[in-house]
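Next come two complexes, and both contain chain A; in the first it sits with chain B, in the second with chain C.
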Partner chain A sequence: MAQRTPSAPSRPQRGSSASGARLWTWLMLPGTLWMTGFLIASLVLVATLALGTTDPLGNPRFGLNFSNITALADPAYRIVLLRSLGYALIACVICLLVAYPVSYAIALHGGRFKNLLIAAIVVPFFANYLVRMYGWSVVLSDGGPLLRTLRAVGLADGNTKILQSGVGVVAGLVYGFVVFMIIPLYAALERMDLSLIEAGRDLYGGPLRTFLFVTLPATRQGAAAGAVLVFLPAMGDFVSAQLMGGPDQIMIGNLIQDKFFEGQNWPLGSALTMLMMAVLFIGMLGYLRRTRKDEAEATQ
Partner chain B sequence: MTFRPLRRRRGTDRRPRAALAITAVFFLLLYLPIAVVVLFSFNAQKSLTVFKGFSLRWYSAFFHDHVLIDSLGMSLKVSLVAMAGSVILGVALALGLVRSRTRLGSLAGLIMLVPLVTPEIVTGVAAMLLFKGMGITLSSGTVMLAEITFSISYVTVILRSRIAALNPEVEEAAMDLGATRWQALRLVTLPALLPSILAAAVLVFALVFDDFVLAYFTTGVDPQPISVRIYSAIRFGVQPTINAVGTLMLAGSIGLIGLALAIPRLFGRRGGLDLLSGE
Partner chain C sequence: MSPEAPPPPTRRAVLAGAAATLGLTLAGCGFLPEDRNAFGDPDKPIDVKADGDLVYFNWADFVSPAVFDGFEKEYRVKVIQSNFDSMEGMAAKLNAGNRYDIIFPTAKWAQRLAAGRRLRRIDHSRLTHADAVFGRYHYFADPWYDRHSAHTVPFTMYKTGIGWRKDRIGDDLAGSWNDLWNDRARGKVFVLDDRDEVLAMAALKLGLGIGTSERHDLDRITATLQDLRPRLRGFSSDSYNNLLNGNAVMTQAWSGDMAAMLGQAKDPSVLGFEVAREGAPINSDCYAIPANARHPGTAMLFIDYMLRPANVRKNIEYIGYPMPVGGSEDVYASIVKPFPQCLVTPDDLKADLFFRNTSPKGEQARDTAWTHVKAG
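Right after this comes the complex of A and B.
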């Protein structure tokens, strides 16, 4: 939490004088203009080009043409979109199932090693994403340590494969983004009032009931934030499907990449990008409505 | 009969064995891939599954690989420029956002959030289309522009909470003593923010250096950022030289993050990077 100044409520309106307001505006302007020029304009460009066409040479042409949008109805695209949604959602759920006990153990039982343990989780995240994915694909590979161990203890046989399957893709997404789930969950558990748990125990709730009816609801928002933070990059990822999956496991990110680099059909690539954004936007709206409802309940 | 209290220990329930076991397995799986990369970067053979003895041949191969060295150099250059650009723009933006109560302020606050809620592939595609649409040849310059755009948001998010936590009365006291608003900002506020600014700068450097997606869409042909080079290499199977590069980059990243975390301590106060406080 931010350190509060004790006299915060009595502070006069900052930046209310004309010269102050002007200074703050001048400070804001360069960054805002930069982002409008490079980011907002480029996103508008993608949306516009989604309605464009390609000329016979394959060059993109702007226009008002809905053929790319209708092309998205192609069952082949629908399958990829649904698969991407499915993989991203499954990855989200697994991240939650893994991250919750880990965050719980560290936040509530980490003692003086808490910060060290969380740092130990964050540090690998700063290793190059591709190097991490590459190492992970070696671990999951046929002769790799994971399958060899599983085979040795009889949990897998010679035919079990992880790479070149949907399991491999999801495993890649989980490894890539699980840290985004741990950080908000850890923050939520850390912030939680532990006397709530004591109260649950005083009221003769067993550990499980206390967990289900006290701890879990209290950290719901952390889990929701983590789900968004995992889902967004997982939906757009194309490295995991490329390194861990086979040709029949491609995700929408691979399609977009293909349309821009190999297929050279930028208008169609733009339309696919907009489709992905639309799906994510609907998800974000659901998240915002959910959190707003939570806040309304909390303030009641 | 002795009376046994209901609670044996204050605080939470007893050690949850299942959670601790999952945590142990999690740490094992978290570090296994990294350990594999580091270990096999010292392998005497090309194999990625059998260790055949210690050797530095992949490091030597890397130091003789001009393409990889050039890529590393380019990533370094891009990261430094992106760091400088995004820190200047981002700190100014954060100051304006926290202090301004205008409608432009709320609009700027929204625009700043866009990269954080957009998958990188979208911003990458968009930046590439913008550059191509303006007839700009993709090069290290376009990577720099794209990375600055993306990093402004990080700097602003980190600095925003710090600025909001500053005591504005100190700045007001400076102005009561005759400083102009600009002098108060330059002589009082910015020095107080310096640890956070440095920490944000180091973080941006590390993130940009390791970034792949944005670099992939905005880079030209030669040289390519190191991430993009690694990507094209690992698509074609076993590349032990990549293990050596990966290990060196890992060491660099850990050093930088250690630096970012140590900066507040070096300044002897809180005010650096709260990676974990969920602010």
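Right after this comes the complex of A and C.
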């Protein structure tokens, strides 16, 4: 499908330009150090701490203690983990449905306003996530503008609520992360060869058939990338459930946050984090295999 | 054409990288046992004099700006402010080696910090106004969290009760934690998003100790809270906004938040605050000087300055919390006239419903109970 995927960079001939290679090695150094220091080291820290204990001051201490791992068998975590998976998946699907028309309209019909329109979507997302979510919780609150309007036109009664419900949490997640879906979709649609659509029309495909069999498959990779970018943070999010959820909408991120703050139980929090990462990693494996297959097809 | 790829790293480079990672991991954390005075000698007497700018670390908005101004002018020092938003956050900053001159832990955290030799000893005889505190509020002369208040001076006090909207569910509640089960409030009740407060509420209702970590007690507490859960709208410590914007008609609430609402609500008469007869958890913050403070002398001057009657008055008016300083009671009483239950009296202190530290095992048991309450 994606004929324009560039072929993988070829390996330089050994010895062809040793000084050039050394230069690139040095240029990689800061980034590598940064990643080592702040990403890998902290991950190692979390993994190690999952086996730790706490001292009487509540400070975490390294150790070799498997009680945090066995504590994960508690059914409470399974329920919350499954709920988080569910919310993240629903948020992902809604983001896709919301983002596709937006990206499509901007990429194919945006004309000279393309960049302006993308900026109009991206700039509000520079505002702090927490602040935006607080704003959102005011909009959705019982006395907020949305419900007041709905009540005025008779679509809601005094007991209707959006906050502290699953709808509220998913709405928060969609609002929080939809831009991560729009951008890769926009990039994919923008990059797409428009003559493909014309070809589809030439072969007597109606608008719908052309969209389904030409445009959609051509932007599949963008959608997949967007799905991953939305799914991962949505799964670990705790702000949406905190501000817009009730007792039955707690997500795994809330429990992890609780362990680190409320209970001062960093080791158990670390174990929960590792559990969540394991679940996400299994999900990612599917995505990675899929993209590898796509690439293999493309280079054939 | 893409840039040339670098040559594959040698095995030695990989090993060096792995070692560097491990080193960074270990260096970046204070999770290994440390020596007794790693954070400085807590017992060295403090020379009470201005020895530099005051590095101040507290909740946001907890001291009147006018009081800061006065202190800066009088002692010709600057107050360098930073804020925390939870005790855990404060502890994390201290553990990371940040150096502050004055911090404001709650009683429970003061005990933890003092036990960990992290607080400088405070000689009360060097504070001119100490008697208004310890002479009037005997409780603080030898509190459970710090023998003889050797490392702390109490700052504010607060308790936990129930706040509600009179315009939605009426004026009169029963004055009991059972009110949270009130049918008129069903579906619009919040409890605090705070493990100790929520477990304590159920414990008081059942007549158990608020800090219990007994398996049997915790099972009963969890069952009671599971019974409340279907009536709850959520766990939230933002009582202030929840009550004002109408998401809550009733909420477990801290007295300080209710006092703050009196100043902010368009019509405070629609709000009520009661304290349950089964008991109200009580808590206090205190002044403390970290063992590694750079300017402990200035910190001592600051504590004394804060205790001057005029400044106590200004601060109480500004933050809406009562302080255990003799002679300031009438100021607070006039602020919270509609909510007299916000007052914290020496008798309240005697009831001693403080949240205390438990053993790591006990903490774990309480933590598990809280997870079950929250996750359902």
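Annotations
Just so it is clear, the second predicted complex is superposed on the first by the 245 of 300 C-alpha atoms of A that agree within 3 Å, B and C clash if a C-alpha of one lies under 4 Å from a C-alpha of the other, contacts with A are read in each partner's own complex, and residues count from 1 in each chain.
Keep this in mind: a residue touches a chain if its C-beta (ideal position, glycine included) is under 8 Å from a C-beta of that chain, and two chains touch if they have at least 3 such contacts.
Just so you know, these numbers come straight off a predicted model, no measurement behind them.
Of the two partner chains placed by superposition, chain B and chain C are both touched by A:Leu45. In the superposition on chain A, contact is made by A:Gly58 with chain C only, not with chain B. Counting the residues of chain A that each partner touches, chain B and chain C differ, and the larger count belongs to B. Look at A:Ile256: by the touch rule set out above, it reaches chain B but stays clear of chain C. In the superposition on chain A, no contact is made by A:Thr219 with either chain B or chain C.
In the superposed pair of complexes, A:Trp24 makes contact with chain B and with chain C alike. In the superposition on chain A, A:Thr36 contacts both chain B and chain C. In the superposed model, A:Ser141 makes contact with both chain B and chain C. By the touch criterion stated above, A:Ala188 is placed in contact with chain B alone, chain C being left untouched.
Within the superposed three-chain model, A:Asp202 lies in touch with chain B and out of touch with chain C [touch as defined at top]. Shared contact residues of chain A, touching chain B in one structure and chain C in the other: 11-12, 14, 20-21, 24-25, 28, 32, 36, 40-42, 45, 49, 138, 141, 143-144, 242, 260. Interface residues of chain B facing chain A in the complex, by the touch rule stated above, are 6-7, 10-16, 18-20, 22-23, 26-27, 29-37, 40, 48-49, 89-90, 92-93, 95-97, 99-102, 104-105, 107-108, 111-112, 114-115, 117-123, 125-130, 133, 145-146, 148-149, 152, 156, 161, 164-165, 167-169, 172, 181-182, 185, 206, 210, 212-213, 217, 226-227, 230-231, 234-235, 242, 245-246, 249-250, 253-254, 256-257, 261, 270, 275-279. Those residues of chain A whose C-beta lies close enough to touch chain B in the complex are 1-5, 7, 11-16, 19-21, 23-32, 34-36, 38-43, 45-46, 49, 98, 101-102, 104-106, 108-109, 115, 118-124, 126-132, 134-136, 138-139, 141, 143-146, 175, 183-184, 186-188, 190-191, 194, 197-198, 201-202, 207, 210-211, 222, 232-233, 235-239, 242-243, 253, 256-257, 260, 266, 269-270, 273, 276-277, 280, 284. Listed in rising order, the residues of chain A touching chain C in the complex are 6, 9, 11-12, 14, 17, 20-21, 24-25, 28, 32, 36-37, 40-42, 44-45, 48-49, 52-62, 71, 74, 76-77, 79-80, 138, 141-144, 159, 163-164, 242, 245-248, 250, 254-255, 258-265, 268.
Only residues 1-7, 17, 20-22, 24-25, 28-33, 86, 88-89, 91, 95, 112-113, 115-116, 187, 193-195, 229, 232-235, 245-247, 357, 359-360, 363-364, 366-368, 370-372, 374-376 of chain C touch chain A when the two sit together in their complex.
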